[in-house]
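Below is one structure, written out as structure tokens, with a few remarks after it.
Order of writing sets the labels: A, B, C and D. Residues in every chain begin at 1.
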Amino acid sequence: MQELINRAKELLADGTVARVLGWREGDMSYNPEVAYFNSAEELDKFVYNGFCAANLSKYMIEASKLEGKTLVFLKPCDTYSFNQLLKEHRVDREKAYIIGVGCCGKLNVEAIKAMGIKGIQSIEIDDACETLTVKTIYGDKTVAYKDAMLERCHVCKGKEHMVYDELMGESRDTVDAERFAEVEKIEAMSPAEKFAFFQAELSKCIRCNACRNVCPACSCRKCVFDSNKFDSAQKANVDSFEEKMFHIIRAFHVAGRCTDCGECSRVCPQGIPLHLFNRKFIKDINKFYGEFKAGEDAETKGPLTNFTFDDVEPCDAVERG
Amino acid sequence: MPMNEEFKPKIVAFCCNWCSYAGADLAGSSRLAYPADVKIIRVPCSCRVNPMFILRAFEKGADGVIICGCHPGDCHYSTGNYYARRRMAMLFSMLEYIGIENGRTRVEWVSAAEGVKFSTTMNEFVSKIQSLGKNVRLGDIRCKN
Amino acid sequence: MQRIGVFVCHCGSNIAATVDVKKVVEIVRNEPGVVHAEDYQYMCSEAGQALIAKAIAEKNLSGIVVCSCSPRMHEATFRKAAERAGLNPYMVEIANIREHCSWIHKNVEEATEKAVILARAAIAKVNLNAPLKAGESRVTKRALVIGGGIAGIQTALDIADAGYEVDIVEKTPSIGGRMSQLDKTFPTLDCSACILTPKMVEAAAHEKITIYTYSEVEKVSGFVGDFTVDIRKKARSVDMDKCTGCGVCQEKCPSKKTPSEFNRGLGNRSAIYTPFAQAIPNVPVIDRDACIKFKTGKCGICSKVCQAGAIDYEQKDEIVTEKYGAIVVATGFDTIKLDKYDEYAYNQSKDVITSLELERVMNAAGPTKGHLERLSDGKHPKNIVFIQCVGSRCSDDRGKPYCSKICCMYTAKHAMLIRDKYPDVNVTVFYIDVRTPGKNFDEFYRRAVEDYGVNYIKGQVGKVAPQPDGSLLVQGVDLLDNKQILMEADMVVLATVIEPDPSVRKIATMLTASIDTNNFLTESHAKLRPVESPTAGVFLSGVCQGPKDIPETVAQAGAAAVKAIGLLAKDKLLTNPCTAKPDELLCNGCSACANVCPYGAITYETKLINDHGIREERRVAQVNNALCQGCGACTVTCPSGAMDLQGFSNRQIIAEVDAICR
Amino acid sequence: MDMFKIAKADLSKLLAAIAAEQDLFVPAKVAGQTNFTLWNEETAVDLDTLKTVKSPKDVFFPQSENLYTVKKEDKKYKITPEELCDRDFVVFGMKACDIQGIKVLDRVFLADPVDTFYAARRAHGTIVALACGEPEESCFCSVFGVDPANPDADVALWIVGDEVCWKALTEKGEALTAKVEALLSAGDEAAVEAKKAEIKAIVEKLPYADLDLEGWHGDATKEKFDSPVWDDLYKPCLACGTCTFVCPTCQCYDIKDYDTGHGIQRYRCWDSCMYSDFTMMAHGNNRTSQLQRFRQRFMHKLVYFPANNDGMYSCVGCGRCVDKCPASLNIVKVIKAFKKEEAAK
């Protein structure tokens, strides 16, 4: 972490960048927040640890409008989002100085709390990122790092950064689950079971829009669900359909553009596994139109703005999907 | 709805102006009957059909939605139906995935010369929807009174 | 809120027999926005149209719905009627209660209910209609023809004869194209040069035609009626105005070892050269890669011998910018490289040649002065084997999946010519199928077999093996006799698949004209608009669209010319008003819409946007109304709904959906 | 009033008895998350989770509710107002902070002009509160004078060992007690007092226990509004509505129309000051930047609300925003940031 701070200070000092976009220590050990740093002094509050899960790519949309370059720290998975935004002309490569940072999996405090751990006073992460020592008002606990990781890290896309100016730090292989296993499990259900599953999950939705607003692919200036273009503006969660409409369309709008960064599931206050929508589309796209990784580069045409003459027919897609 | 009342499904058919709408016209001028439950909306091309329209139809009480366009390769705009095909493949697969009965949505390519196919397709689709019954999973309860 | 009039047509008894027309009128009268409703026997009749006009005037209607037959039948009629009555024609919607209702339903109650719903949908839509006005764009009365082969020449001549200026851009030093390389043409066996050269001369002499040879299209912008094109005139190193075409420079040029492109590499040419004797213009170019002066700085002989002082080593590429109303692509074809067909020993033996090379061999101006001889040793061949479909109708990636269409006929021609001139030569043809549709084509082929004794074997050749004695061993199979064949040959001729000239890819990109997986340019409609590209104002002539022979090419060239003339004859173009329209405040500038636009109608502009007080530079989509055809692909691709389609807007379609589902 | 008790194992009988005569809302786990839902025999009641994701304010102030329906009959319009709540119900297991939240809502909705929909629900609702057994690190209710050991409701409950102690605190509470008395036995006041002391001891140890509200009051508009602290603070904000929708006191709503195909339903639904179209009016928007919207939320809770309500803050220290903000922002960080700024001055 200190080397990141030092490098950021260097780049600020020599004028390469006008500011730094990173994470600032929170008031608890697990809640660092995204922050801009404009000076060396401010950087003393910079942190980079297992709880710095936020994908900073989306913040680069606004940062691209500022004078001068912004130094941004991107984890391997974040760089896919950055590339995708680049492809869509939403960020300016010239305005970004990207340090690709290593990642050994990011942590989910909800996973720790789900273990029944309450009243957390501090969480210490050992240097090897193997064990968390959790001090609580009800006693101390230890938790395996792996068990507290975000879902996305268990199916990590890989340790490679897709775009960067320089790389710092090592990444760790964290994959210990099959990426499409959950989707396949649902696919195997009967229609009634599928419906019951999604009904239960989506009935929790409070239409807070956190999934949308954190999503680097959902970067519309004004979402259709906020505009009158389709008579679809709705804040209500009046009944289950609203949520289905919202979540299906949201997933559809990012289909072929979603990098599976997992931010939607991370931020959902109701713990809805929103990635199951996106990942279904990714699985179908891979299957029907060939392997495609959104954000792998900033040029390739997306699968839904492309076609071949002998694409699968929709009814066959349903049968085989 | 009383048990013995006949189920009259609401079915929305989006037809592209150049092929399928003309196919429907031909079905009409050939007097090839299909149930009155089917109501056609004319769009320039199947690629004009936004998934939002389909979900909207279900929200407001439709029991089935069918999209008809020119056969692949024959699109008036050369490529429109290719995009429509991908979009609908994705959407339909997603609807099936969240537990919507397979068969409430359909895409069919109908040329201007295929009046018979248009009529057969609509007859088939209506009986499929008849067998699936009322759309309860995608509708908005506020619209059901 | 609109003031809507609804007009329900009886269509005699066509509608009224099954739909209770009066009831429809009574029900729709209460729909929101409806201020007038009536029915009439025949709405499309003059009296019916007068009724509509009267209601528009008296009730001050802002929109009308006609419940009648299909809009494909009478939408135009009612739009015109509305326009005459002072209403914008796009404030008219049709509810199709005949084809989609009365004609297919028997039960009156059911049909009436459906007619009401269809009328409601149309009313809901027209409530959201906005007056639309067709735009106008001017037409530059000049055409560009890309490619100076027979297709390009014929198109240019036809357009020029109609009185319009035409420019031909040809990338080689002379016009003439592939046809100029041919010896004779089937099925009449005319001498190719004899029929082509007069056309070339005519084109060159035509006061309306400007020919840019040794030139390439560099950049295309604009749209139908108003294209701006940059043409790169490559440095010829010879002053076109001064050169007299005497040819002394070519004679004296000491660098004579460059394979001649015109002779398909079978002979050499000098560094300063015209491709062939009848070249137009008859002005040589210096091949700077081969020229000793350009390579070493020494030499300069051509300059010394040129009495006209036309040699200009300092000449630079020149860019000519010109405006055009129409562009015709006539980029032609080439044969594929045979590197992947080792079994035919093309790269190993000089005596295995392609059919196009044979044309040069048989031509009096060719490398052998027209004598049929083996290129390896100059000996007279006794046995010649022709192999058909080399790379054509091929299922793997070595060749092409399509039929080249011309090979069956030119092989019959070659076989016949050889047998005619050299009766001692045995000619064998291996074929998959012999395809001879065309006027006098099958008769021609049968003459080759019956009168000239050409040996046709249905079957494929597996291998051509060069033997130590210089002969070629052909291993094939006779499918009809079901037996293996081993045959000695002195020459093997390969009917090699043709492909669009590779330059077409770049040109298609510049024109935003689509090409298929085989690089052939796509037609706007395969049957009904075969010479028009989906990109408005771009027309297709010759093999760039698909394999064809000379008469077909000439016919298509004429058709393309007619389409171009039809466009150039207009002073202004009316544009379809139902085009895509971006909302700049909502546009993300992501380019998704441009990616799916088949017409290249969407571009991006970075401009200052005032978004409710927030002023910033944004990249936003712009739609060129002259190019947009209104398919709507962009509208669905746009996630924010910034792109909408006029006449079929999101809210209009949703209103129809709502009306039907309620 | 008397202390009663019931064995934890018999709770389901108690709930069934309550539900026999009225609607019953309980915290229950659905798809892994605990929220208040309408009880039935299959409900997975969850009294162990300290905080439901959403506060139970939606029992009284639903996220969406219809106000009236307009139908067209020929060319006439018929307006049918939505009927007011006329059925008694019990909310079982509310925590002290959420009850304080209801008191905040009372200030808004029961003041003139009275919100009849809300008022009807308040009149028909009986609140059975549960003292917080194991307060969590994000809790800071004590800062706002809330005592998690002594919830101020119609009935208060304490879980002591295997027993649940029950004490009615109001007339409504008494009435409810009377209905279920058969299932209750006499409780032990002393044991409950011991439990309360235990809870108090934990509360003192909580990391936010000493959060200082100095400087936040109804007269602080001037000094707080233009502070440069906001410029930096809001930056991570995603403009989602999580904080406002999980909050027990956020009371802003929007009114919209829905076309059912048979008529128009005019309904209201929660709004969020974090949303870009919050308080959008014909002329545009009062708050054009996220900074302004972000500031609005905290100024409202800590300055504007106390200014209009005798110093009462409209934050109750439940800590849900601390737990749920996707950008790790929250009211505590705001208060601390200003504290630091003032200290620096």
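Basically, contacts are C-beta pairs under 8 Å (C-beta built on N, C-alpha and C of every residue); 3 or more make two chains touch, one makes a residue touch a chain.
These numbers were taken from a predicted model, which means no experiment stands behind them.
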Quick check: more C-beta contact pairs in B-C or A-C?
-> B-C
Using C-alpha centroids, which chain lies at the maximum separation from chain C?
-> D
Using mean C-alpha positions as chain centres, tell me how far chain A is from chain B in Å, no decimals.
-> 36
Rounded to the nearest Å, the gap separating the Cα centres of chain A and chain C is 46
Inter-centroid spacing, chain D versus chain A (mean Cα positions, whole Å) | 30
Set of chain C residues in contact with two or more other chains = 596, 637, 650, 654, 658, 661-662
Mind pulling the chain D residues that touch 2 or more other chains?
-> 258, 260-262
Which chain A residues touch at least two other chains?
-> 222, 224, 230, 238, 304-306, 309
Chain C touches which residues of chain D in the complex?
-> 72, 74-75, 259-262, 284-285, 288
What part of chain B is in contact with chain C in the complex they form?
-> 10, 12, 17, 21-22, 24-25, 27-29, 31-34, 36, 39-45, 47-53, 56-57, 60-62, 73-74, 76-80, 83, 87, 119, 143
Touching residues (chain side chain C, partner chain D) in the complex = 30, 32, 612-614, 658, 661-662
Parts of chain C lying in touch with chain B, wherever the complex brings them together = 70-73, 96, 98-101, 103-107, 110-111, 113-114, 117-118, 121, 514, 522, 524-526, 534, 578, 596, 598, 629-633, 635-637, 645, 648, 650, 653-654, 656-658, 660-662
Show which residues of chain B lie in contact with chain A when the two form their complex.
-> 50-52, 55-56, 59, 72-73, 79, 82-83, 85-102, 105-107, 137-142
